[in-house]
Amino acid sequence: MNKASLSYRLYILAFYLFLFAPLVSVAVFAFNASLFPAPPWKGFTVEWFTGTGALFGKPGIFRDPAMLAAFLNSLKVAIPVTLLSIVIGTANAFLLERREFPGKALLSMMMLWPLVIPGVILGISILAFSSRIANALETWLNMDLDFLRPGLFLVILGQLSFILTISTLIIGARLKKFDRSLEEAALDLGASRLRVLTTITLPFLKPAMVGAGLVALLMSFENFNTTLILVGSDAPLPIYMYGQMREGATPALNAASLVLMLGAGFLATLVALVSPRKEA
Amino acid sequence: MSQVADLALLGVTKDFGGHKAVNDVSFEVAPGEFFSILGPSGCGKTTLMRMIAGFEHPSAGDIVIRGQSMLGVPANRRPVNMVFQSLALFPMMTVGENVGYGLACAGISKAEAGPRITRILDKVGLGGFADRPVTRLSGGQRQRVAIARCLVLEPTLVLLDEPLGALDLKLREHMKLELKQLQAAFNTTFVYITHDQSEALVMSNRVAVMNHGRFEQVGSPRELYHHPATSFVAGFVGDTNIFSGEVTGARAAGIGIRLSTDVELAGSGSASGQAKAYLRPEAVALAGSVSELSALPNRFAGTVSTVLFDGAASTLVIRADKFPMLRATLPQAGPLAGIEAGAPIAFGFTAEALKVFSARGV
Amino acid sequence: MGRRLALFLLLAPAVLWIGLLVILPHVEIAILSFSQRVAARVYTFGFANYLEFLAEPVYWRTFARTALLSILVTLITLVISFPVALYIAKFARGKSKPVLFLLCLIPFWASELVRTLGWMMLLRETGILSHFLQAIGVIGRPVEFLYNDGALVLGLVYGGMLFMIVPLTNALESLETAQIEAGYDLGGSHLTVLRRIIIPHAMPGIVAGSIVVFMLTVGNFVTPVMLGGKNGLWFTEQIYSQFITRFNWPQGSAFGFMLLLLSTVIVWIGLRLTGQGFSETLRRS
Amino acid sequence: MKRRSFMIRSVALAALLAASGAQAAEKLRLLTWADYTPKEVVDAFTKETGIEVEITVSNNEEMISKLRATQGAGFDLAQPSQDRITGPQAEFGIYKPLDLSKLDTKLFIGSMLEATKKNTTLEGKVYGLPHIWGTDGLVVNTKAAPGVKDYLDLCGAEVAGKASLRAKRPTLIAFAFAMGMDPFAAYGNEKSYGEMMEKVGAKLTECKKNLKFFWEGKDALLAGLRAGEVTAAMAWDTGGWKLNGETPEIKFIAPKSGALGWVDTFAIPAKGRNDDAAYKWINFNMRPDVAAKVAASAGNFTASAGADKLAAGKLKDQFAESFPQAAIDNIKWYPAVPAGLEAIEGKILDKVKAAN
């Protein structure tokens, strides 16, 4: 192939500048010694990370109880979402790749559906449905079912509703590549079905399971649309940050964003490392 | 076969929704025997093997191993181990772990398994490879791991499903010998399936030729080669010239057959009507003139069309008037060794060498 | 018996997930969208919410605006991303190829909120762009770049680019360089090679990317709210506001259904026009 | 091996998190406004009663919305404005009637308590008690925009591109008054109220080109005013006075057509689980010394009798500057919104926001 022309290469350069301008801005201004995340540059500081609040009237993110509580809420959602997407995603992968049953085509189509439903709609539909269930159960059983009301439990369900699709796809793709004769070989060598599963099939799936888990973790941490609708009084990080943004951003938000970016970058690197090489 | 056979199949049939992949197959394999099932792809040999291993269940018939029926016995409880076509080495394990897998499944302690693994790896020539990941082995080494993984369990029977298929030619030739030697060394019964007749002939004590779900003939490689029982066997086993024609009737020595090119030959067999005739290239006698071949009932004069030089396996393609194109082995010793294309040549063959079978069913 | 049980156990999570988290909730909002308020706490079946949607220009204009802008955003994203994907797939050599590709993924790792924050910092009146342009003397006083449709489209394009570049690059990777060379060799100009060889080959990637970008754009919330400002709403904002600030769930449900319908129809038309399948397209992206 | 220990650790962590959420200590879940809960007040309350306070910051719409979504569960005490109680209560039943016997009513300013009770009574039951009150008016950078005296001036050329409003109901009411109408008088008649709102909507739509943005959070507005991006806005008195302390030229102005007076209340959600704690919190908060601290934190006035004597001098001065006696008399206090009107207003606001 010929070398790209100069103007083409300049376009590519401009594109990457465009791509990184907002992220670099966010990162750089996390260190601005000012109350506002905007120019002019008033000097370098890490106050917005570790400050006690003495300097700007607001503490750095690592000392801000509200920020830390939001982070904890994010964890309370992300950990169950991650674990469940691995477990259920694996079960779904086996179901779709290994089993035949009536309605399979329909079910596998339905499993893809959540990907094309806007997150806000997933949120409102789950909110409305769980609220109906809770109301009905309350009238019949006279029982308060708080977990069916907006709150972290519903957020977990809401995020699962579409993250499961992704984990199922990731794990299913790996299972599809699995050479069934490995299982037969293990059976042939005298292994029980359970032993085959734990020593052959699951170890083979492990990279995809870890990868799916990391992707789920990342998506759970960053999900906004569905979470916004289902959240109760405990706001996860993106919701909390959104509230702060509407209140007028301080560099503390930049600092939190930078930490999020680094965390996400770390996770994404892990994903790249565990995912099996694509055959070129 | 006075002793109890290691493996006996009694009328085994496998029906896949109306299609009989395996159709009423019966045979016995004696202890220590190297038994091959030879057939083209799709003939049902893989299904047959999977039934022996326990991955498929026969629709009818019985599979008996050392006198015990295997019906209802799951794959992981059968005293049978299999070398898979893909080898199916566990990619996430080392050589030692692969070989030790079956031992671990059998509940054998690590202390006991260790020396057994070492011993078997030494025996297959992989001493010191135990800690190597299997993904970092050559094709031949992988092959040996797959066999060692079975042999370490000391099974009654080892099944091999075209294990040499993925290897290149040189290595395949080498592995044939090695497999035969391994089998002899361990004195384990091998059932080997392949579509490569050379593998079957070289290694086996007995070979079954399979076609369309049935056994066409079971016998020693020599029997199959020299005395094919059916048209299919004659065509499938070994290199051969194939002619079609019509049987004209019995003759003093065998039967007469008129080829479509309108030449009548003397052949052997008991066919009638439309027929096929098979002639091995090495059964064709060559000479400078027809008169030198007067002892043969079939003799013709022609010209050398092409010389296919391949050392000891060199052949000539010969054209003769009213005679189909013919390949004949060219001995590399003797007066004709240096013959060139275009040279006149005489050829002939005995009636015994021309095997004639009725054409139907082929 | 054992296999039956195993199948049942495997089916259970999938059926619970699809049934309880996807289908029944949608049935619920379908029902809700047909309930109309008669008096406080009294509702009946009726089409009032849909009639309201049709009768009130504000709502369907927002709807149409969201649809049109989303299509526009998708097209711009495609036009901007295509040369980049082509460069990565066909021009970049050696190590620069994976590096350029991975660089495109980085903005996706950062959450949508962070990306939006970045654009707000760049575009606001007291922001970086305004400062920079003043410093080099292009503008004399601070200029507001934020809170208009331009900023909104910019933000949405930015958010969608990754989802366009990945499938495009994948599609173009499989195009043999020899085919392009043959195109030139047979006398094609840049344009004909692009039109007759490269674009047809990239079609599956174009469709997959466009559908995903369109879906994400139409369903976006943060970007329109934060960057779009006072001029015009996004339809998700209407849904959110019916649910959260108006407490009018039936109306919000009707809007939600309209949005679902819109996205489904547009995706369907897109697939139809280009003859691609739904499942394959989704899997590809 | 590794995988297993990873799983075990994750599960353990999850269990730990779950457990930490389920502590047994008595808790008051409070749904309130920003700055209404200074830390020292919360700490003092916890010290005195042993009850922990979990605070969720919100605004009127979100409070109602959250309670509507839960049918009044999830919180033990909420603080909606007094005019926004009976409408949602009639529609969704999200509050429970107050038991006035559990309250020390002497702590309240009598007239304000009576007015609020009246405004929050539905079917003979009282749902709200006054807590903090203040006004909506104009916050103006008097140097940059000296001409802004009334709401409609926000649409004037002087503040073109530098004005701001909330896209919420107080703006509609304020503009209606500024346009010479009386929306409160039209409360009883949905039709004429609707027509009035249409006019207001048209005016706001026309005015929109003048706006920098619709402000949502107080801090965002203040940041805009500080940075000079905004020079005049309709906002709460609090914000104006806060900025006035930093920048003297930014002032809170009572508009000519009248500031809007609001009262934030205490209301108990229908499924609150800890009413005792809620009543304790109310009584605690209305003590003059505590109320003074809360008022100082919020920058507003309190309904606690006697707290004003303790209020900081500065706030009094600022109030005096913003509110001459005539302006005080001109404050329009919100009456309760009848159910149904909010739907009309909502639609107008949607239109204004969606207009180009």
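Every chain is named by a letter (A, B, C and D) in the order it is written, and numbering of its residues begins at 1.
We adopt the following convention: a contact is a pair of C-beta atoms (placed from the backbone, for glycine too) under 8 Å apart; a residue touches a chain by one contact, two chains touch by 3 or more.
None of the values given here were measured: they were computed from a predicted structure.
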Would you pick out the chains that touch chain A and also touch chain D?
C
Chain ID, smallest distance between chain and overall C-alpha centroids:
A
Which one of the chains is farthest from chain C, going by Cα centres?
B
Distance between the centres, which are taken as Cα means, of chain D and chain C, whole angstrom
36
CA centroid of chain B to CA centroid of chain D, Å:
91
How far is the middle of chain B from the middle of chain C, if each middle is the mean of its Cα atoms, in Å?
61
Per the centroid of Cα atoms for each chain, what is the distance between chain A and chain C, given in Å?
18
Going by the touch rule set out above, which residues of chain B reach two or more other chains?
none
Which residues does chain C have that touch at least 2 chains other than itself?
124, 126, 243-244
Touching at least 2 other chains, the residues of chain A are 36, 38, 127
Taking the top-of-page definition of touch, could you list the pairs of chains it picks out?
A-B, A-C, A-D, C-D
Of all residues in chain B, which touch chain A in the complex?
53-55, 74-77, 80-82, 84-86, 88-92, 101-102, 105-106, 149-150, 153
Where on chain A does chain C make contact in their complex?
1, 3-4, 8, 11-12, 15-16, 18-23, 25-26, 29, 36-40, 87-88, 91-92, 94-95, 99, 101, 107-122, 124-130, 132, 157-158, 160-161, 164, 169, 218, 221-222, 224-225, 228-229, 238, 241-242, 245, 249, 253-254, 257, 260-261, 264-265, 267-268, 272
For the complex, which residues does chain C have touching chain D?
40-41, 56, 58-59, 61-62, 65, 124-126, 142, 144, 147, 229-233, 238, 241, 243-248
Residues of chain A touching chain B in their complex?
179, 181-182, 184-192, 195, 199-200, 203-204
Chain A partner, complex, touching residues on chain D are 3, 7, 10-11, 13-14, 17-18, 21, 29, 31, 54, 56-57, 66, 69-71, 73-75, 216-224, 227, 271
